[in-house]
Amino acid sequence: MNYVAGIDIGSTQAKGIMLDEQGTITGKAIIDMETNMATAAEVVFQQLLASTGLSATSIAFTVATGYGRYRVTFGDLQVTEISCHARGALAAFPNTRTVLDIGGQDTKAIRIGDSGEVTDFAMNDKCAAGTGRFLGAASFALEMPISAIGPLAMKATHPVRITTTCTVFAETEIIGHLAKGHREEDVLMGMHHSIATRCASLVRRVGLVPEITFTGGVSRNPAMVALLQEVLGVPLNVSDQAQFMGAIGAGLYALDNLRAGRRSAHCGEEVAR
Amino acid sequence: MIRSAGIDIGSTYTKAVMLDVNRKVIATAIRRSGYKPAVAAAQVFDDLLANAGVSQEQVTYVATTGYGRYMVPFRHAQITELTCHALAISSHFPRVRTILDIGGQDIKAIRIDERGRVRAFRLNDKCAAGTGAFLEKTARYLGLTTADIGPYALRSDKPVEVSSVCAVFAESEVINHLSTGVAPENIIEGAIVALAGRAVQLMKRVGLEAEFALAGGMTHNAAMIDALAKRLGVPLNLPPQGLGQLNGAYGAALLGLRRAERLLADGRAIPAPGSETATPTTLFAPRRWSTYTSIEAALS
Amino acid sequence: MSASTTTGKLDARKEGQRLVNQWLANLHTAHERGQPVAYIFVMGNAIEILRAFDFEMVFPEINSLQSGVRKVSGDFITKAEDYGFSADVCSYVKADVGLMLSNMQHPSGTTMPEPDLAIASSLCNVYIKWAEIWERRFGTPAFVLDIPGKRFATWKSPPGSPQHLADSRWVEGQFRDLIARCEQITGRTFDPDRLAEVEEHVNEMVRLWIDILAFNQRRPAPYNSMLDGLTYMGVLNAWRGTRAGVEYMRLLHDEISDKVARGEGRVADERFRLIFSGTPCYVNMRRMIELFESHGGVFAASDYLTYAAGGLDSAGLFYDTARPLESLAEVTTLASQAGLSNHFFSHHQLAQQVKEFAADGLVYHGIKSCRTVATSMADNREYINSRYGIPTLYIESDLIDPRYWSDAQLKNRIDAFFEVLEQRALLEGQ
Amino acid sequence: MITSEETGFAEETTLLQVLERCHALATSNEVTGDEPYGAIGYFPVYFPEEIVHAAGLRPHALLGGGNKLEVRLADARIGSFVCSICRSTTELGLNGTLRGMKGFFSQPICDAAKHMAGIWGRNFPAQLAQILALPQNVTSPAVVQYIYDEYQRLRGVLAEQVGHAISDEAIRASQGVYNENRCLQRELYRIRRDDPARLSAVETYLLVRAGTRIRREAHNGILRKALELIVGRRVRPRDKPRVVFLGGFCEQPPLEMIETIEDACFIVDDDLLIGQRWLTEEVPLDGDPVWALAESYVMRSASSPVQYDSCKPKEEMLMRMMQAARAEAAIITAAKFCEPGLDDQLALSHRLDAENIPYLVLEFEEKMTSFEQMAMQVETFAESLLFQ
């Protein structure tokens, strides 16, 4: 039995997915980014094998994606996260025409054509870089886990207006508002709102065509989902595998290659530890 | 017996210093500002009184500074942190003409005269903001505490180039360096060198007149002090042990002391801190048009 | 020494390099040879008149881009920022200030002469602020040459139309002032025949240039407009209106047409033909092209080659050397409204280039410090996307400021763009 | 809602009421299109409003969106490193606030502004979208003829818009109205220079800005009433340094910023909305009115960082301004990403260094909402001026 792997090396997390020949997910692994992407890739891969009890020899093809895709020493092919997120989103929601992914480095809006091909994509311009980290800044300023931020924001009654688009100033502005006596949830909601608005404008750049699938870890944030739906005026697909979408897409590309008769150069050899 | 208290309400910490008539430090106090600066200020003032073993009535004059300087109801006067820093540094180092203050959200360069009066000053432009915070972020990213940064960076053998002015881009640079396996100490040192370069550029904007002094949080960071000295070609004066962080409060206390002496010399009584006559009130408050909403606007 | 007198088969690249070096050498010795020096810009510079007075020409834009190519722009820019210039102003300006603060040492090792005359056209407003800096530094009063551009997207002002005549009259009036200024500086009287002679050379260069641009409509494209094209432009700007310039371009013309005849392309395997909008990033020029060519993508055309070619795109209008001055004004006005002021309304032209060059994609390069190029690119892209089905890519860096080049980010976007083009090709193949 | 006709004031109207009306006008950006006079929007700095006015239209100065506007749509259309006013103006178009505008004009003041006409044309095909090509060379003898030709072109375009020719008489009449208007504005500024405690910069700003939202006849009525009331105003003198403010010629600083400065200083002169006061003397009413207007642009005009004029070196203009206003210091500001402003900021600060005149350099954005840091800088500046 042959298996394929998709490895997604992002700036904050490394994720891995294993698929069998039918394309069913047989293994998953996720770790927080280590200081060295190459070793992070190794670790994820080893966890992936451990989770499935397979040996590296049975992995017939591996596709790497994400910013660290070229650092995956055992990768057979590199595909950008744009294509991979699109592919993953389509697998989860076949009617997807637009994909939104909020990442740590980049936020992307991807337009998908009728044959499932990527026809256009837009990424944040420099001044709105690291939008995803807005939330990180908030969790630091408020000293609370990132997972708690969305739910708390949902409690807002009078959201404040966050005007800065610059991540550098997010933390200051949050502290400033709190100092003025605004409630945490209102400040948080304001911040979610400013992120949602900016992501919406990215989606508009590629043309707002439903269905829209929201991928990436931030899609776990209920406030963000609710706001995006409000701003975009359409419901969003959110998969419970959302943060694995890139890896899944990579895995599916690996499967294509396997089916096209290509096999890993590394296949059969143990991956160095 | 004249006693003067200076309270510096900063965005992260609130600090206080009490001086006696001989400009000797009687007591100091520090607390996190949290996001209720007024409360923090009151608590720090109580700490200060306790540490000095005096009662509120025994304090002749209270001067506040820092971004929360207006939030302290029991103050006699408020002065900006720049004016305070300048005076404090100058009182320690009369020959200093250019002061550098690196904070989390901004860098300040101040030119002063022989009497510690501000002659000119410049703050970094918007896109170069958050550079101090960037250093902390990088440390956080590398799993270091702010205190570790200095010693850690000193181990660097060849610092990387961190060229971005913008802290956000700089962060991506750091991530890329990490991904290519560059040693963390070289990255931190690179960030410090870059920050030092930007700081010195700002000092040039105000004339770069020697001698130099460093104020603010970075006074603990040996690597930063090193990098700055390299850039400037001469060492910087550093505030006396422990006073670095308290500089603003110390300057406020000094100014308060001067003011108190002047008032008493003129035979004018100074109301006790906290008494409603103590707090300065602006003479006449013009309407704040920026916050005014007209009926028409409200309706439409 | 001009190209014709050299013997043997010439190579356009070598010849171009020789001309650039000779130009810089001439500048180095200009003042000791008692020659007047003019600082001018690429867009709208009245170089024909200056040639008629035998000025040596300094193109500060070209100095700045060379400082980028030679990787010293970073230091120059830092010098300018230490001097007080903001991080947000044009990096070309700052590199030039850096050069001034480095005792006029050009990165090539030659020394730049100070200006006797400085001309700033209104085609880029930064030119004017730039010239004000020279005024303050050298005490050389700027001559601002106001050349009215397009007033709106569908603007038409055909030769001889009242509008064209009105605008030309204005430009001609300024040329007459300029001539007076030149006579004052050089102590010589204006010679219309000399001007006509220069114009004849320009006419010839325009004819050749139009062909050269057209050659890249062939598949495979013989040259990359954003790499080879840039070197062509450098030479033809510096030698505009000279015999040497004409001969260089003839050489170039013949070389490229031979390539076309042999069916030789810039890239071995041309998979995608692209249009480039914006200026290049000169600090990473080769790297940027490599990011595209490694995927078999070649830039067949670029709007840069129309507006930065010094107005060689004169809407097919040539100088009437019988009335040199009047004609100069008319052509300058037309050129400005055809090509030079086009980035403000460039959507039609870009769409047209995509058609003419059978392009598979359109790449916008937003420049951090250049409002002239970058202000409305995103809107332009929006417009093109919503009307024509061609894939577009929007990337950002800077002309010569190394701080705004983020390799990983650019590679990520460019790789993704080619994945889009591949998928598209695949579907069309089916 | 104030109709653009309304000029009269009740006897008992107070200055505060006049200012409240001005505030309402100054802070409204909407052009619904159902007002009696069609609005022609123009981007800073100067525009020959007389010609628009004479066509029976209302010139509407586009002054950005201020810090209450949320930019949602424009970010997708404008590059990262472009000033706020381009962004917010585009937003006001895209979000429908300017839906009723008949036309949009920008001038070659800077490269970003030149792009605005293109952006407008692509997004709002129903509106005129043009550049009025005012010259950057105003010293060539041929210049008045050129401006005249360009004004005539504008006159033709507007005539087509309204469907009838615009007569010389009509333009001359409008010039009368505008001559009075500029004269009243100059009076406001004179009063402030003489006694800044009597009239604040924010108040002056609101009074002037209101004029960009109504017909000039109405604005003249407002200014006349205001002047009459200001004379009788009783004020407490305060000890604040006298400074001039520079940097408000195009993108407008938020009201909070002007207030923050005035908390610590008297702003005795400024270049806020300089386009409204561009012509510094009466436009002659005899002869060809369009020629008179063109000539005035060259012979009787103010200066700004975005108009090259070898007869008006920026440094000299500042020195003259400070002298006339008896200012002891200058606050030299520039809008974020405003290249002309930033270049001049440097040139001016070098001159002030040489003259040993104290100055404060500030960077602003119309959209900014936090002023703590700015207040700290301004207070420090004032402290350094007062306690010497």
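Of note:
For clarity, chains are labelled A, B, C and D in written order, and residue numbers in each chain start from 1.
Note that in this section a contact is a pair of C-beta atoms (placed from the backbone, for glycine too) under 8 Å apart; a residue touches a chain by one contact, two chains touch by 3 or more.
Because the structure is predicted, anything quoted here is derived from the model rather than measured.
Considering every other chain in turn, the ones in contact with both subunit A and subunit D prove to be B, C. Averaging Cα atoms per chain gives one point for each, and the point farthest from that of subunit B is the centre of C. Among the pairs A-B and B-C, the greater number of C-beta contacts is found at A-B.
Taking each chain's centre as the average of its CA atoms, subunit A and subunit B sit 40 Å apart.
Subunit B and subunit C have CA centres that are 49 Å apart.
If each chain is reduced to the centroid of its CA atoms, subunit B and subunit D end up 38 Å from each other.
With touch defined as above, residues shared between interfaces to two or more other chains in subunit B number as follows: 125-126, 169, 172.
Within subunit D, the positions touching two or more other chains are listed as 76, 79-81, 336, 372. Multi-chain contact residues of subunit C (touching two or more other chains) are listed as 84, 86, 88, 366, 368, 378, 382, 396, 404, 408-409.
Shown here, the protein chains touch in all possible pairs.
Only residues 11, 35-37, 68, 105, 126, 129-130, 133-134, 142-143, 166-169, 171-172, 175, 178-181, 184 of subunit B touch subunit A when the two sit together in their complex.
Interface residues of subunit A facing subunit D in the complex, by the touch rule stated above, are 122, 125-128, 161, 163, 165, 172-173, 176, 197-198, 200-202, 204-205, 231. By the touch criterion given at the top, residues 125, 127-128, 163-165, 169, 172-173, 176, 201, 204-205 of subunit B touch subunit C in their complex. Per the touch definition, subunit C reaches subunit B in the complex via residues 74, 78, 81-82, 84, 86-88, 402-404, 406-409.
Subunit D meets subunit C in the complex at residues 76-82, 86, 90, 108-112, 114-115, 117-119, 121-123, 129-133, 135-137, 140-143, 145-146, 149-150, 153, 305-306, 308, 310, 314, 334, 336-337, 339-340, 342-347, 349-350.
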